[in-house]
């Protein structure tokens, strides 16, 4: 429940500030999002989740825009408003256009449709895919 | 249930063959996957779903590789084995490497984790995202 | 896990047999499905779930065919193979045709698609629906 | 996000108005719901989704009331408030009583319960259903 | 939709009051939660669901605190705000600390992550678990 | 897809062996489960997920048995067979009885039922829980 108020930088412990500082430095932003401010009530989880996000969403073999679009797609499929908003903003910062966002949502919708048809019909995996 | 056997091209009605032909021509492949052969028991749905897939996954503002990766991500999140296999194969045909697939799955897993944390903690959307 | 073998009538306790007997009498069938035989390892749950199914799926204001179709639709949406098979069989016994089953699955697929679009786009409920 | 304001008829492009007109004519209603007004930002998706809904929810072998009840059941299972409200209203227009709606929700709840029990217990499909 | 206003004790039928009375007596509380007041529009479902909750959440082989924590975990995984709030309150009444709640959410998040990885990778169950 | 064969210890790179060694030492077991052997194709994910599991499932304010039961409950709710089997085995090692497992599943089923009822009915959170 939103019993949990965000912890602002000025009210944060040194341990929490260290994570906030790393988020701001890594992302080159002047403040951290509410997600981190709420997670901050549990500093080990704050540190652990940030460490995971930093590694998984950091430089790799998939470009940053595609990574954020994948995150948005899963979040849209799961119905997480906050995650759609925050990762949608990140994707736009990396260049996602509104036309691309519309296409992304169309794919999310269609995949959810065909996922159910395939599962309900119990379609056997084609031999060539095994 | 897999009561529903695939309908092979030779056994298909002209209406169904027309869809199979369009799938093969559009995708430049010599045969259609089991999904279509099972859907073929219901020709209107076969035609309708193919029409949707053709439009949504066809040329647009997101490149074909990214489109397939988004499809795989949603299917992996939903646990549709067949869809992971078939769209995973399509993504690989468009150039997805195994390293990229691993990164994709890591994003799917992490998004599912943070989607639940965000929802359970009822994090308010940051004003700048509204 | 399928560590749990079905408990056949001959091996069942009197308490379990009483539930099996009631299922067979209520449904006018000569045996019970695997679901009940597996649940039978936990007699209180067997009794409780049967009592719920008997009440919810029994006579009411929705006809028996529609009730089974609703059960199939939710099960198809959730990807429960067993439930699709068993409630699909029940629906067919009550008269569901294959054409109706195809339409049912088309609705399940489409609802899953539009549910995600609506949620992702955060569409406000129309005033007239409030 | 609800960054996306509904597009009213007077502000819509001819392409979008044509879809609105078809929705109003098909459903014999004086205006379209918010879902369509939000989708209208992406005219191809607006046209495509309407075309799907029109076909799947139009005349077939399942009566209109049952079709809407199936849509409501999936939407209730998936937790899509908007879809429950709008398809619930459509079902009521086709004659769904409050008693029937209560029964529908009871089935949705129970199916979600038994779907999990069946899946967790990995119940084998009865031979007669294969 | 929240078309459904809560039914207060003073406005309830004798049949509904009997359930309210049993809830209050069983739980030693002076009033019932909104969930019951909304379910009360459908007295058979009110009675049936309370009977299930009373049996499943009552004395057994799992202690009351753990039972409530399991309920919260499933509800957090499914994103049911109300259920997280009400069963979270019940768990706290039985002694759940904020540190334990944080650990519970961390487990929910992580299980959702690894559930997807396992399913997407189609990991075979180890022989020793069969 | 199960294209991905498990990587056995003898075939593993030093980097992967180091993780396997830590898993075996931490859990005091002579080998690692298939999940780790499949994840091993992506060493950074293997290391990252193990690090998360080790931290979240390690000593804390919730006892080890309850932690495993929470993991099983979420996995049962999500329908991850492998996770139910492996974390179920871990829970049994920590003392979970079959009677407790039955109660756990009953809670998972019931929570899934009431989660849908609450969400579909859009029950307002009681003031005392805010």
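For reference, chains read A, B, C, D, E and F in written order, and residue numbers begin at 1 within each chain.
Here is the rule we use: a contact is a pair of C-beta atoms (placed from the backbone, for glycine too) under 8 Å apart; a residue touches a chain by one contact, two chains touch by 3 or more.
These figures come from a predicted structure and were not determined experimentally.
Counting steps between touching chains, the shortest path from chain A to chain E takes 1. The pair from B-E, A-E or A-B that reproduces the interface of D-F, where over half of the contact pairs by residue number are the same, turns out to be B-E.
Chain centres computed from CA atoms place F at the largest separation from chain D.
Put simply, the C-alpha centre of chain A and that of chain F have 22 angstrom between them.
Taking each chain's centre as the mean of its C-alpha atoms, chain B lies 28 Å from chain C.
Counting partner chains per residue, chain B shows two or more touched chains at residues 1-2, 45, 48-49, 52, 56, 77, 79-81, 84-85, 88, 99, 105-106, 108-110, 112-115, 117, 119, 121-122, 125, 129-130. Those residues of chain B that touch chain A in the shared complex are 1-2, 4, 6, 33-35, 38-39, 45, 49, 52-53, 56-57, 60-62, 66-67, 69-71, 73-75, 77-78, 80-83, 85-86, 88-89, 97, 99-100, 103-104, 106-108, 110-115, 117-119, 121-126, 128-130. Here chain E touches chain B in the complex through residues 76-77, 79, 81, 84, 105, 108-110, 112-117, 119-122, going by the rule given at the top.
Chain C makes touch with chain B in their complex at residues 79, 81, 84-85, 88, 98-99, 102, 105-106, 109.
Of all residues in chain B, those touching chain D in their complex are 1-3, 44, 48, 52, 55-56, 125, 129-130.
Only residues 1, 41-42, 45, 48-49, 79-80 of chain C touch chain F when the two sit together in their complex.
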